[in-house]
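Let me begin by presenting the structure, written as structure tokens, before commenting on it.
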Amino acid sequence: MKKLINDPDHVVDEMLDGIAAAHADVIRRLPGWNVLVRKDAPMIGKVGLVSGGGSGHEPAHAGFIGENMLDAAVAGEVFTSPAPDQILEAIKAVDSGNGVLLIVKNYSGDVMNFDMAAEMAAAEGIDTEQVVVKDDVAVENEEDRRGVAGTILVHKIVGTAVEEGLNLQEAAELAHQVSGSMKSMGVSLQPSTVPASGKPGFTLAEDEMELGTGIHGEPGMERKKLKSADAITEELLEKVMAELEVSSGDETAVLVNGQGSTPLMELYIMYRKAEEILTENNISVKKAMVGEYMTSLEMAGCSFTLLKLDSTLNKYLP
Amino acid sequence: MEITSAEIKRWLFMANEKMQYNKDYLSELDQAIGDGDHGHNMARGFQETVESLKDDNEEDMGAVMKSAAMTLISKVGGASGPLYGTAFLKASDEWKGKQVVTAGEFAKGIEAAVEGIKTRGKAERGGKTLLDVWIPVLEYVQNQELVPTELTKTAKEAMEGTADMTAKKGRASYYGEKSTSHLDPGAYSSYLLFEALAEAVTKEEEG
Amino acid sequence: MKKLINDPDHVVDEMLDGIAAAHADVIRRLPGWNVLVRKDAPMIGKVGLVSGGGSGHEPAHAGFIGENMLDAAVAGEVFTSPAPDQILEAIKAVDSGNGVLLIVKNYSGDVMNFDMAAEMAAAEGIDTEQVVVKDDVAVENEEDRRGVAGTILVHKIVGTAVEEGLNLQEAAELAHQVSGSMKSMGVSLQPSTVPASGKPGFTLAEDEMELGTGIHGEPGMERKKLKSADAITEELLEKVMAELEVSSGDETAVLVNGQGSTPLMELYIMYRKAEEILTENNISVKKAMVGEYMTSLEMAGCSFTLLKLDSTLNKYLP
Amino acid sequence: MEITSAEIKRWLFMANEKMQYNKDYLSELDQAIGDGDHGHNMARGFQETVESLKDDNEEDMGAVMKSAAMTLISKVGGASGPLYGTAFLKASDEWKGKQVVTAGEFAKGIEAAVEGIKTRGKAERGGKTLLDVWIPVLEYVQNQELVPTELTKTAKEAMEGTADMTAKKGRASYYGEKSTSHLDPGAYSSYLLFEALAEAVTKEEEG
């Protein structure tokens, strides 16, 4: 394991200090907590937006704190959901009396910890709503689908909407709409190594790829021989398009998300093919995002997220 | 047979020792069908639990369990934090205000814990989780006098049984069929927990 | 070599198409050329800003096209400077009669190709000025110093200034001032692999790092045992601070640049220590940038750039 | 001895063959003290050069060289593109309007080329670059009748001599002392170029 770190046990703490120091104009850290909040939180009159999860997915989620995005991000240990008391602190720090929407990725740990935090918040008289994002179509059963890169689209769209005055109920409904209108799927070429364990999360042969790997290296749908960028794009996008049930004339937003060590060059090569396929199917791309939004440390690979737009989503699309 | 708050405390201390000792092994089990952090999570949580109990003269079993629950909830994280935390919290409710509990009262605590885990994890028996150790242990303490060696045996066999199951909940569920033949890390840490309980009440008898 | 590509010979072309497709609201590709220009170029009344170099450093340079930044970026083959006719096309596309400033990294190839392009532009009656960035203090001799991540600060500061109306002479002077006020140095942990060659550019043992590696994997100052993030930060920053001759009371901008596969987590851990060291020396950080600005494909490691500010630079600092 | 525009064309075609054949070797040399692309750069440039000359009936040597220069400038990139391109361009100026040149005129072209490389690259002899082949070749053609085998020998020995030099210019200069004992890739491609010239004029004599 070759990493620019000091002590595996301190990576999250030191990273949070680094983020807070570098972006002190936008962000502050709640002293003693693994929580970063928007400097001017709570924003009077606005529904608070909180997300979080295990660390190692940077820039998710702290990198999405700011205007038209999150009010707070809670960081767990690397790839480990944060505990409810951490989440509760975030909720308390951003609630201005208008309630707080929690954006949760569908992992057992995250769901349970956010549930407990919501119960604790209720006990303190703070209203919360939750949206559990399940965009990863690599998992067959819809209820078990993991939350992956599409989560960022929820941050951005709902973030814009609450800034424009949506109340908690409306924000939750919109979040469910975004979440229900998008599907994602990824491919991995190389694993990542969690600092505490020091060992790669999985192994792949030099000519192998894994389709549908989760953002912590959970197994995907299938291992097979590495193919060309175009062939992989076709395979992933076809699955995503079929699951999303897009059809001719639809408008979409596309997110090509790098998993950590895949050069932007490769992401753009894949995007190129994706737009070609969509155009062939008479599906238009209103917004393209290509880059690292939800990483898995230094995992190599990428994912596609397709969001089907309608007039409501278009209104708040950044 | 009765269980005292001193035994409960000893239980937690011995559980911590086992979590520390088996930290890498638990994480290895989790590496195979999860994300390799279960040992780290449990070791971190129990370490903190005993730290906060060390200089505490609390005699109320419920209060001891509640303090442990709160520490586990805030220090373990992941899936196991809320699950162990909720289990301990529910048990603490049953044992509130008591310095000693009867076998029946003890079983009631474990029953509440199991209910807590089920509700929190939306899980059932047979899903290859820590429940597959907790439920057999519950049935044992509900129906028999607590014989330490028997308790350990029950927990151990139940833990071993998870190797035959296919995971339905948590991270391991993504491994589908591939999870079969592996032990569930949460089941293993629960086996360690009940082994610690067995040893904690044995020591008492010897003492 | 595991890469999401189709044909090593087409990576640059396909990437450029991908960038142009994804960001069609800001950027267009000159048909038939490896040149991306700001959609609304040439901007009437404004000095044009052109940069470029070998590909593989994405987001540099095309990712810095836009308001307050570049008007065009020229892409060579991977790690190979672009040819003068490509650069000339970029110059022609962005010149609005106010001349064009070329921002060049100090590599033999880049310098010669940009020189030739400038001569060709002169023959067509277009005024150009050049700034050759030499921020990499890993090279002893000042004239031979390579242009690395600091180049981005030239894009941003001069980009802002020309938008505010500086003429070509003034823009060139400012560019020289920025370039002369900053120093950089990096550390690498893992090499990258150029698609065409398929082989890693260098090798490092599992416990080794190289101080001062160039952005194409050129050898650095020294190979030694990998140390802690804090120790590396100290070593790099001390060298940079000494070369820049910063002293108590100075104001700076800091750029922690990821080389490609180093997680943001690690970059922030390093930034945290850097700010600590600067603060101890009573040097203030007015602007911090942490992320991937000038990568080297999937190389692992990072670099620090320190820019000493004065009232002029402060005025245009984004 | 005179050199005709047909020979110049044959030179370029044979040079291309050598660049293609030695593409990987040149890149390997460049991998050791550069960035491993020199073979790819030269092969790409010369391939395009012959493509554009193939169906061209140009008889003016200057025009042939200028066309080659422009192709090299626009297709090679890197450091070697402007250097070879400038060299060819400067030579083309000297040979403009001629279908055949004398040995003296030929040497004048090479002299202009060398000056071009020096100015463009701000380089001198002994800096471990292609100049360390071009300058000995220039001295040879200035002072002797062009004997193909002798020309090849001169270029080859000059190329081999770069192994004893420490790079002062270009990417290899970053390797400092470490560059010593390696052949310079640009010197090697220049050796190939002059070997091709020797063979091109030999063939003519045979034909």
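Just so it is clear, A, B, C and D label the chains in written order, and each chain counts residues from 1 on its own.
In this section, a contact is a pair of C-beta atoms (placed from the backbone, for glycine too) under 8 Å apart; a residue touches a chain by one contact, two chains touch by 3 or more.
On a predicted model such as this, the values are computed, not experimentally measured, just so you know.
Once subunit C is left out, the chains joined by touching break up into A, B | D.
Chains that touch both subunit B and subunit D are absent from this assembly.
Relative to the C-alpha centre of subunit C, the farthest chain centre belongs to B. Remark: subunit A and subunit B have CA centroids separated by 32 Å (rounded to whole angstrom).
Each chain gets a centre from the mean of its Cα atoms; for subunit B and subunit C, those two points are 55 Å apart.
One inter-chain figure worth recording: subunit A and subunit C are separated by 29 Å, centre to centre, where each centre is the mean of the chain's CA atoms. The residues of subunit C that reach two or more other chains are 78, listed in rising order.
Viewed as a network of touching protein chains, the structure reduces to a simple linear path. In summary, the structure contains touching chain pairs A-B, A-C, C-D. Across the complex, subunit C meets subunit D through its residues 54, 76-86, 107-109, 112-113, 115-116, 139, 144, 146, 194, 196-197, 199, 201, 214, 216-219. Note for the complex: subunit D touches subunit C at residues 27, 31, 35-37, 40-41, 73-83, 85-86, 120-121, 169-171, 173-176, 178. The part of subunit C that touches subunit A in the complex is made up of residues 2-6, 11, 14-15, 17-19, 21-23, 55-56, 58-59, 63, 78, 187, 189-190, 206, 209, 226, 228-230, 232, 256, 260-272, 275, 288-290, 292, 295, 297-298, 300-302.
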